[in-house]
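In the two complexes below, chain A is the common chain; its partner is chain B in one and chain C in the other.
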Partner chain A sequence: MLLYALRRLIYLVPVAFGVSLLVFGLVHLAPGDPISAIVPPDAPKEVVDKLKEYYGFDQPLPVQYLRWLGVTLTGDFGTSIGTGRPVATEVASAFGNTLILAIAATLLAFTLAVILGTAAAYAKSRIVDRLVTLISLVGVSVPHFWLAIVLVIIFAVELGALPPMGIGPENSTGWRFDRAHLAHMVLPTIALSVIPLGVVTRTVRSTVKETLSMEFVTALQAKGMRDRQILFHVLKNAAPTCLAVMGLQAGNLIGGSILIETVFAWPGTGFLLNSAIFRRDLPILQGTTLVLAGFFMLLNLTVDVIQTMVDPRIKRG
Partner chain B sequence: MSNLLQVNDLHVTFVTPDRTVHAVNGVSFDLKRGETLGILGESGSGKSVTLRSILRLHPEHRTRWSGSIKLGGDEVLEMGPRALSDLRGQRVAMIFQEPATAFDPVFTIGQQIAETVRRHTGKSDSDSWKRARELLEMVRIPSPEQRLKAYPHEMSGGMRQRAMIALALSCNPSLLLADEPTTALDATVQIQVLLLIRELQREFDLGVIFVTHDIGVAVEVSDRIGVMYAGKLVELAPVERMVDAPQHPYSRGLLASTVHDGMRGQRLEAIPGAPPDLAEVPGGCSFAPRCKFVRPDCTASVPSLREVETAHAVRCVLAA
Partner chain C sequence: MAVQSPSLDIGGAVLVKPTPSSASRGYWQSVGRRLRRDPVTLICAGLLVLIVLASIAAPWLGLADPYKTSMIRRLYPLGSPNHWLGTDELGRDMFARLIYGGRLSLFMGVTPVVCALLIGGLLGITAGFVGGKVNMAIMRVMDVFYAFPSVLLAISLSGAMGAGTENTLLSLTLVFIPPICRVSESVTTQVRGFDFVDAAKASGASALTIVRVHVLGNVLGPILVYATSLISVAIILAAGLSFLGLGVKPPEPEWGLMLNTLRQAIYVNPVLAALPGVMIFITSICFNLMSDGLRAAMDVKA
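Let's look at the complex of A and B:
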């Protein structure tokens, strides 16, 4: 098992190389010039050239790529064009904030999804099943940024029960585990969990239902196993499929929360990316995308490894 | 000797919002310890439904039962869920047609046998594991220690069915239900598994109900054979009587449709037509539409199961 994980880790190297090429290439394909974003429109040409030289934009693209890759590999993602601070610092703090929110949202969404999906699959009355199907359909279809705004209007503006935005109180220097910071997390967590809740509930429901119709469940009943023992067998069988979907959803939460983070002014990677795009802050854009892609790869690897641990039929080749 | 199992006028109906199926319509038989009853019938005749009803394995909310299934002194159809799950696997065990799908694919064979032992005997983990090992030895699986740690997909079909038999016998049941246990196996493996079941049956004095559509297999293992058609037993007789002098036209048709020695060049007999739809209970003999000896009184009312000789009962107006 350890050997398998190691081998998969080595396979990630060429993938990571491809990702770095894409990240670098896509950013340069996009229209807009980073230098014109930081200098006044009437700046003399010499100043612009000087800045281009300073940031290395005067070099041909392959040279730029290799230089970028070289410093990136040492853990140095360069300097933000917008703020002048090291990209690594900016991305690290934003990534931490996003991760906190993503973990809270996945925990909420996945727990509810497993309970609801299993209940629907087991349900003998059609009402329970329909209700859960409705919930998951709403979860997938409702635009989550719209829901976020509605939540803010109801709970922050009208009821005044929860803070509408930010990571914590005004003097907050970063996320901490206390009441005030947790209160700030409630609304973004709910808004963020809606889509994965819908998707995963649907997957759990159909996978568990399919497993329940298999002959071995009858065989388990025929040997007198208790209902909760049978449930354990069923869930273990349904796990690989559900885990694959969960992995993808968790990955989406890390990278795809731009809208939610913008609505709630949550200083995470989505927020950072959003502002970097508008400022044409290439180093930040590249650094963030690269970190997110790297995280996505590790997440997929983890899911794959867990899958082979759960289901012995999945080949470890 | 008293009966191990007594089934009386069993009716099983499956009810779904779109459709009602009368799968079993008044089946009665009994079984003694150490006896093997073969139930023979084509697909859809209700033989498997009858067998599974003994453990009440059909989904409760879609199934209507009536009649009686008495095991010792206990009425299976009136048991609560707790008593029922205590009964299953302990007093009555079952082996399935497809060992490949009847084992949970993500647990090892050892885990699945040991959990059954633990469930019914309360033995510790290590004692259950030891018992599982003994059982694999009993069904003659080579290198049982390694096989315990194997997953179902790592074993051959014959080996899996042996393991299934080991699992079924893990808590010393008195009644073994076999649902076409050899149908999915190669012919050579089939014989080995049949011999194994017969040997273990004698050793443990088991009552066995063996459901099959294979006449050769039924004749090989059974003391008595019951022939089912459209949810009813149409004939029940000791195996010799059934082979030598079947009375019901359907039984005769079935036995005539087998291939045996010296038949090269002859035309095989087949029964024309198809079994009836079980959405409605017919008013007369279910076999009448396919029967070449049909008479007006066949469709007038449902013929009763009459004893034409000791232990030989036939459900046909023609039977003498």
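Let's look at the complex of A and C:
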């Protein structure tokens, strides 16, 4: 098992290399000179040249890449142009906030999805099945940033029941586990969970339905096993497929929270990324993208390894 | 592909009984027949045609000018005289802007998928058919793009390149190439393993002929169905980029951008502020249902 995980980790190296190339290239996708983002357009040429030399932009691209890679690998992501603070610090604190929201949303989405999907697969009446199918259709079709606005309109503006934005009360310094902070989490969590809810419900429903039609279920029924015990076996067999989809959704949720974080002014990586884009703060853009992509890769790897642990049929080759 | 016709073997002489053309229903005919019996898909298709036609014909529908601002007529509620869907934060007619908005929103959702379908499909079919090192090279490059959550990739690319319609189209196309390429590669690899491909090779058909005659006919269906399922994602993503200020620039009418600029009005006129999202929602749900219907009619496994 450990050997398999290690081998998969080695497979990640070329992908990680490609990712680093792409993230490095982001700066050079930007229109004009990377330097032009930080100096006023009427800056004297000597100053621009000095800055270019300071940041190493006067070197050929491969040299620049290797220098950037070397520094980045030591955990130094550079300095934010906007705030002057190290990128690593900024991204780390934002990432924590994103993670809190993502964990809450995944828990909500996956729990509901497993219950709804299983219920629909088991449903004798068509109405239950139709209803669950409708929920999953709405989940995958709704523009989640619009849903976020609608939630704010209903629960914050009209009812005044929940706070419309922010991570906590005004004097809050960071997330804490208390009533006020939890109240601020409710709306973003719901808005963030709709897409994974829709996708995972769909997968659970079809996988459980497929498993139910397998012969071993009939055999267990014939043997006189109780329904609850059979359900356990069915879920165990449906688990690998569902886990794969869940892993992908959990990762997408962390990357996809950008829009939701913007609507709710939630100080996470998405919010940071968005403000970095408008301040043309390229080091932050690079750092955030790199951290999120790295996390996404590791998450996929973990899901892969868990999947082979759950399902011995998958060859560990 | 020839339809299997019953052959009568009488003492060495083979009599192939020709099948009457009317009896053998073609694949596409049966797909069409199944689609005609599917009311949900038909309604969705009809609604989409209506939305598309309305946005194309917008300048000739006698609508109010979607760019004409008015300082005294700002944020009229729904049902106002002359502005039955109200006016936006700059006093522009909402109904006209919603109809006109379909032009850019649909264009920016559909174009990237079509471009990605051409590029990704070509790459995927090549990788699947040629196999070996070519497959390795193409698919490993795709793996790099798979290391990013799709929304992050779209926003980072657009963010680095700057706002604008062209940049959004470019970054969205890049986002959709890898998944289409992966699906194309896997179906092509499957088809390549079938006996009729070997038979065609043995009969001396060139690689290009095999691809054109035997492979394309069998892989295009699944790839197309998959691509249609991406359109709703693309529309939401394109609107999302505009919502963030990374896509279409004001004052163009576009649903995502309208949702953004109307956000300041949620305390004044909340229903109005939510309207552009309703359009995105309806369009996206129709595309999803139509894709499901197409999948069922074409008998493609998910």
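Keep this in mind: the second predicted complex is superposed on the first by the 311 of 317 C-alpha atoms of A that agree within 3 Å, B and C clash if a C-alpha of one lies under 4 Å from a C-alpha of the other, contacts with A are read in each partner's own complex, and residues count from 1 in each chain.
Keep this in mind: contacts are C-beta pairs under 8 Å (C-beta built on N, C-alpha and C of every residue); 3 or more make two chains touch, one makes a residue touch a chain.
These numbers were taken from a predicted model, which means no experiment stands behind them.
J.: May I ask you to decide whether A:Asn97 touches chain B, chain C, both, or neither, giving the answer as first, second, both or neither?
T.: The answer is neither, since A:Asn97 touches no partner chain.
J.: With the two complexes superposed on chain A, say which partner A:Ala293 touches: chain B (first), chain C (second), both, or neither.
T.: second
J.: Answer with first, second, both or neither: which of chain B and chain C does A:Gly251 touch in the superposed model?
T.: second
J.: Given the touch rule stated above, what does A:Glu158 touch, chain B (first), chain C (second), both, or neither?
T.: In the superposed model, A:Glu158 contacts chain C only, not chain B.
J.: Which partner does A:Gln229 reach: the first (chain B), the second (chain C), both, or neither?
T.: So A:Gln229 only meets chain B here.
J.: State whether A:Thr201 touches chain B only (first), chain C only (second), both chains, or neither.
T.: A:Thr201 sits against neither chain B nor chain C.
J.: Who touches more of chain A, chain B or chain C?
T.: The partner making contact with more of chain A's residues is C.
J.: Determine where on chain A the residues touched by chain B overlap those touched by chain C, and list them.
T.: Of chain A, no residue contacts chain B in one complex and chain C in the other.
J.: In the complex formed with chain C, which residues of chain A make contact?
T.: 14-16, 18-19, 21-22, 26-27, 29-31, 137-138, 140-147, 149-150, 152-153, 157-158, 206, 251-252, 254-256, 258-259, 262-263, 273-274, 276-278, 282, 285, 289, 292-293, 296-297
J.: In their complex, what parts of chain C are in touch with chain A?
T.: Against chain A, the touching part of chain C is residues 140-141, 143-145, 147-153, 155-157, 159-162, 232, 236, 239-240, 243-246, 256, 259, 263, 266-267, 270, 273-274, 276-277, 280-281, 284-285, 288-289, 302.
J.: Going by the contact rule set out above, which residues of chain B touch chain A in the complex?
T.: Result: residues 52, 55, 57, 61, 85-90, 93-94, 96, 98, 101-107, 115-116, 119-120, 151, 153, 167-168 of chain B touch chain A.
J.: Could you please specify the touching residues of chain A with respect to chain B in the complex?
T.: That would be residues 124, 214-216, 218-226, 229, 233, 236-237, 310-313 of chain A.
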